[in-house]
Amino acid sequence: MTGEDVIILLPLVIVAAAAVAAMLAIAVRRSHAATAGIALTGLAAALAEVLVNLWLKKGYVGHLAVMDNQALFVIGLVLAANLVVGILSYGYLSRRRERAEEYYVLLLLAALGGMVLAISIHFATFFLGLEVLSVSLYGLVAYERGRLGVEASLKYLVLGGTASAFVFFGMGLVYFDRGSMIFFWVDWLYGQYGPGPLGLVAMVGCVMMFVGIGFKLAVVPFHLWTADVYQGAPAPVTALVATVSKGAVLALVLRMARGSPWAGYYFGDRAVYYSGGVCPSAPVFWILAAIAVASMFTGNLLALRQRNVKRLLAYSSISHLGYLLVAVLVSGAAGATAAGFYLVTYFAATLAAFGVVTALSGANGEAESLEDYRGLAWRRPALAALMTVAMLSLAGIPLTAGFVGKFYLLTAGAGAGLWALVIILVANSGIGLFYYLRVVWAMFERRATEEKELPRIGVATGVVLAGLGAAVVLIGVWPGPLAELVRAWMGGGW
Amino acid sequence: MQGLFYVSAAVAVLATALVVTRRNAAHALLYLVLSLAAVAGMFYALGAPLAAALEVIVYAGAIMVLFVFAVMVLALGREGERQESQWLRPRMWLGPAALAAVLLGELIYVLASGAAAVAGGTPVVVGPQEVGAALFGPYALGAELSSMLLLAGMVAAYHLARRKQMDEKEGER
Amino acid sequence: MLELLWLVPLAPLGGFLILAVARARLGRRAVATVGVGSAGVALAAAGAVAAGFFALPAAGRVYEQNLGTWISAGDLAARFVLHLDALALVMMAVVTLVGFLILLYSAESMAGDEGYARFFCYMNLFVASMLVLVLAGDLLLLYLGWEGVGLCSYLLIGFWYREPANARAAKKAFIVTRVGDAALLVGLLVLFTQMGTSDIGGLLARAAERWPTGSSVATLAALLLLAGAVGKSAQLPLQVWLPDAMAGPTPVSALIHAATMVTAGVYLLSRMHGLFALAPAAATVTAVIGAATLLLAGTSALVQRDLKRVLAYSTMSQVGYMFVALGVGAWGAAIFHFVTHAVFKSLLFLAAGAVIAALGEEHDLFKMGGLRQRLPLVFWTFLAGAASLAALPLVTAGFYSKEEILAAAWAGPAGGRWLWAAGAVGAAVTALYTGRMVFLVFFGTAKREPSQQPGWAMATVLVILAALSVSGWWLDPRWLLGGTEIAATLPVRLAGTAAALAGIVLAWYFYLRRPALAARVAQSRAGAALGRWWIGGWGFDWLYNFIFVRPYVWLTQLGRDELLDGPFRTLGRTLDLAHAGMSWTVTGRVRWYAAALAAGAIAAIAVAVWR
Amino acid sequence: MNSVSPESGLVVAAVLFALGLGGVLARRNMLFVLMSIEIMLNAAALAMITAGARHHAADGQVMFMFILATAAAEVAVGLAIVLLIYRRRRTLDVDEAREMRG
């Protein structure tokens, strides 16, 4: 680690330092506000640093990591989501009796894990990023130490541990075959570059690695944990599982799928330039396509009659990751741009939805049953409006961010000639409408029964929620500027 | 070397099979330690003396102590053994054994048809010095991240295992 | 003057924003001023734009206004571009004029509703979306307007959301039309990826260059667009939502579900008629769908008891005429009929609304009667609209437009005898149900006393629309649009006229002269069977159902009234079943989850190893 | 000196991995489930070491150390959760932990 590396990795360094500082602060004196302040400042500073880093320093960190435009974009997304979750958590934890300070240490470490995944180009950083993220999440999911939280964490840990073992074993096989653990020497999708064709052992290794990746993304058939963990975890942590964990892993998949076009910067003449275009006979392509289709249908069908809002969002996220895999299959700059844009819209809408759930969850448990939302429009019109916007966006109705995101996915898919997937995606959006509208509908019904008292919403939470709602609508109405940004950052280059 | 490898491999497989099937947690733990020690022997035979040493010190030593600790706290005695015999009916093994066997079959098939084709380089000893140079040279970022990983594990475990404070909320969720 | 084009859609959008933000703080007067005024501004701007348009040299009357880039993906860039040509001008004029009149009417008729501000808020958003749809120079912008009007339709059908039936109707409309929208979206994607542009003019030009007539890609794209149009315009087989959509307030039915939104499909197909010229097969399908729908809906209208449902089926039937015209290539005639239909059908709905309000929310035709003397103004205006709908020769606007469609069906470039026959029978049926409606509501003995007369705003609107309905041929926009004149022989024209007249006479005989006979026919075994058959669909559809959804036939026969709900109910059932089948996999047992993970890994490895 | 073929190392790793997987799937006692996960991780570590040995590089052993860290962190959190559950429900049966489903 040279000084230059530290400068390149400054966003990660800031977050790691904030985690250590928060822990030291706990040792000195327990104070919820102070710990939260350190954590949020750290996240905000790192986010600001990302913008500085655009001009300051980009490049490779040894052969383990790269800080390029795509990495900065995903890091920005991860940090922004963590910041939102952190602010939401402050109000949420204030209403609970559990000690809150360690929460922020784990939150920062989860952000760190996600960022490591975003910069990873080597199995070591891939694995460590995955584990830092996972172990922090195990702790966060069980943080309340209630029955459901602990049960959820146990399930997550047992399955996550198994999945990690698959990933590691797969890495071993790939390394055995290829003699390298750098992604674009593995070229797992293409097999026509690098040191010789991809052997059978390496192929199986790649597939085993995808078991772990699929587990994190919660795609069929590795999806079964999703709903239980979403339900059992505290609402802000669920938001984290839904966004940061999946987004960072997806960014990693994108990088693995397309290699890195700028490898020449570091690796000289041994580098290859991948222009995209998946070899259709590659078995990995068919496996991913089958998983995408199965995820779309399974997620939507499981959500259809779900009456628990957190579980409903869990199932809906399965189908959304199925949609995103279509972009992965497109590969190349078009796929990465579509996936990046869709990730932004998915993050915004998901965080908005869980923001509402968090804001409504008081000292007496989570607001997760559909019953809790009945008649919300008449009691908390602003929250109901935000939830409506989030649901419409997830359903992909025009004038919301979700529609534009779907539009980019569809054009990318159609451009690559993946018509079957495109049509299945459109059909699934139709199925999705049923259950998203059910939530909206419930909020606009009048309810006759006496009403539970709703928690008050703090200023910071209110500002964050309003910002999320505005973002969803703004992206939906005028997506041009964001699309330019995503193209510039996800499209590649320094 | 070859002898050491094959003996270790046989011991490791046998001990591991016993871990998975034992009813008494303490016995299983002892077999697990044996299995880890045998794997350490294989590491040594494969020319990785540092890994072998760490396997014994950290894995069989430190990590297993955590398990021992848990077994002590949970105080599973005869009662636990009786329960295990209820849980571990032979029928319970059908599905898991089948899945594990199929996976093993696939892997062996792949290794037999894929790995043999590649000319295997015979192991040479990669000593502690080289490993250390790699760990704190190109892999320094990884070493730093491991510390963060351990920090996460520590904070999470500390928070979760702490007693009291939640008792008044017992049974609420 | 042309530069004011942007104001046309933005004025109602502004009204919507004002009402959305400040509706709780505004008084009723202010709400009405904003709600109606914004439509008035749009109308005035449209007038100014039209003046500017006519000042252009007659040869190249096209004006484009670019308001910026909206989305860009790769080489595809969708712009906020407004495109004004003759077709758009006609549509814009109708939407702003009828929209303004209906909002003016609502200012009075909705006065007692507690959702007054919400109503104007949605209605303004609707007008804005419709104008975006009509003026869009880019297919993606058009799609935005398309979905926008769908959303407003959903919100307004469920306007009285406390009634669960209304909520159901709203959801049904939304979901059924979404089936069409999904097809439309795929169709647009086909066009984008094949042509590399979403600009309508450029796209059509490239299509004409690259695709030979009858090419399969052109046919596919045209059929997908047609599916979208069929959903929005309530044509077979996606028509089931429209009758239920009458759950909304009457002005909503008049504006959205009669005059403007349901004709969006007609507009889309007219706008893209260059594509349909390349796909004769798709055009034929359009005509056949139109003919089938107009007969199905016409006969269904004959037996409805609910006044608004009669008008709803009538709307489907009249839009069917427009589809016939589009299918035979006479899109000018389709737009002519669109204009006259917008006028007389909104008039009929508004007058019906006055009747319904006067009788205390009574919808049943058989509980009305004798209102001729009691609501004279409503009677005379309704009569004008009805005459136009029934195509009473020479004086009414509807006569001229329908004649053109029948003539085109006979002699047009892609016409045919069977299409003409269907249209002529449909004309007779139209006249019959129109007469039935008029005679049952306004003649005979009075069963209830009306409680209120329309006030000045409603009366003014009714009179203006009535005057337009009987204004003869001068609503014909084809001199502007261009296109071929259709020369059908005089006997053909006379036969069509005779069919309509025969229907009127028959209605007079059955429902005024010998009402007992009508009742006897309706109660006879054959009549009752026919009635049951027609009240919700047609034999054709029953057969269709019988073949494809046999298990649900008994349900649909028992079920309320809509035979064609069958397929959609089947879809819902299937999805529910799939959901049930799926949810048992989520057992909550972690070992089971791990087994699924392992099985998935095994399967994936197997694929990787053995392809 | 007799040499060891690296392939046989992979075979042993595969056997250990399958045994661990069987344990995860079959055992109901949470402690045994955690032990089985350790076995799987250890099998992966053996595969890594074998691969490193084949290429005569230190990378395999470095990766092994990262596995050690992972195993330590996961076991710490896992045992904490097991203790928490035992304190609350007085059982170590994973099948009991299924309040959430559907």
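Labels A, B, C and D are assigned to the chains in the order they are written; within every chain, residues are numbered from 1.
One rule holds for everything that comes next: a residue touches a chain if its C-beta (ideal position, glycine included) is under 8 Å from a C-beta of that chain, and two chains touch if they have at least 3 such contacts.
Being a predicted model, the structure only gives us computed values, none of them experimental.
Taking A-B and A-C together, the chain pair joined by more C-beta contacts is A-C.
Comparing per-chain C-alpha centres with the mean over every protein C-alpha atom, the closest match is chain A. Put simply, the chain farthest from subunit D by mean CA position is C. Subunit A and subunit B have Cα centroids lying 30 Å from one another.
Averaging C-alpha coordinates per chain places the centre of subunit A 42 Å away from that of subunit C. Chain geometry summary: the mean Cα position of subunit B and that of subunit C are 68 Å apart. Centroid to centroid, with C-alpha atoms defining each point, subunit C and subunit D lie 64 Å apart. Shown for subunit D are the residues that touch two or more other chains, namely 6, 10, 17, 20-21, 24-26, 28, 34, 45-46, 50, 52, 54-55, 57, 59-60, 62, 66, 69-70, 73-74, 77, 81-82, 84, 88, 94, 97-102.
For subunit B, the set of residues touching two or more other chains reads 95-96, 99-100, 103, 106-107, 110-111, 115, 139, 142, 146, 149, 152-153, 156-157, 160. Contacts with at least two other chains are made by residues 124, 128, 131, 135, 138-139, 142, 145, 147-148, 154-155, 158, 162, 176, 200, 204, 227-228 of subunit A.
Chain contacts here are complete: no pair of chains fails to touch. Every residue of subunit C that touches subunit B in the complex is listed here, in rising order: 595, 598-599, 601-602, 605-606, 609. On subunit A, the positions that touch subunit D within their shared complex are 123-124, 127-128, 131, 135, 138-139, 142, 145, 147-148, 150-155, 157-158, 161-162, 164-165, 168-169, 171-173, 175-176, 179, 181, 227-228, 231-232, 306, 311. Subunit D contributes residues 1-12, 14-29, 31-32, 34-36, 38-39, 42, 45-46, 49-50, 52-62, 64-66, 68-77, 79-84, 86, 88, 92-93 to its touches with subunit B in the complex.
On the side of subunit B, the complex with subunit C involves touching residues 95-96, 99-100, 102-103, 106-107, 109-110. Within the complex, the subunit A residues that touch subunit C are 154-155, 158-159, 162-163, 166, 200, 203-204, 206-208, 210-211, 214-215, 220-222, 224-225, 227-228, 283-284, 286-287, 297-298, 301-302, 304-305, 334, 337-338, 397-399, 403-404, 407-408, 410-412, 414-415, 422-423, 426-427, 429-431, 433-434, 437, 441, 444-446, 478-480, 483-484.
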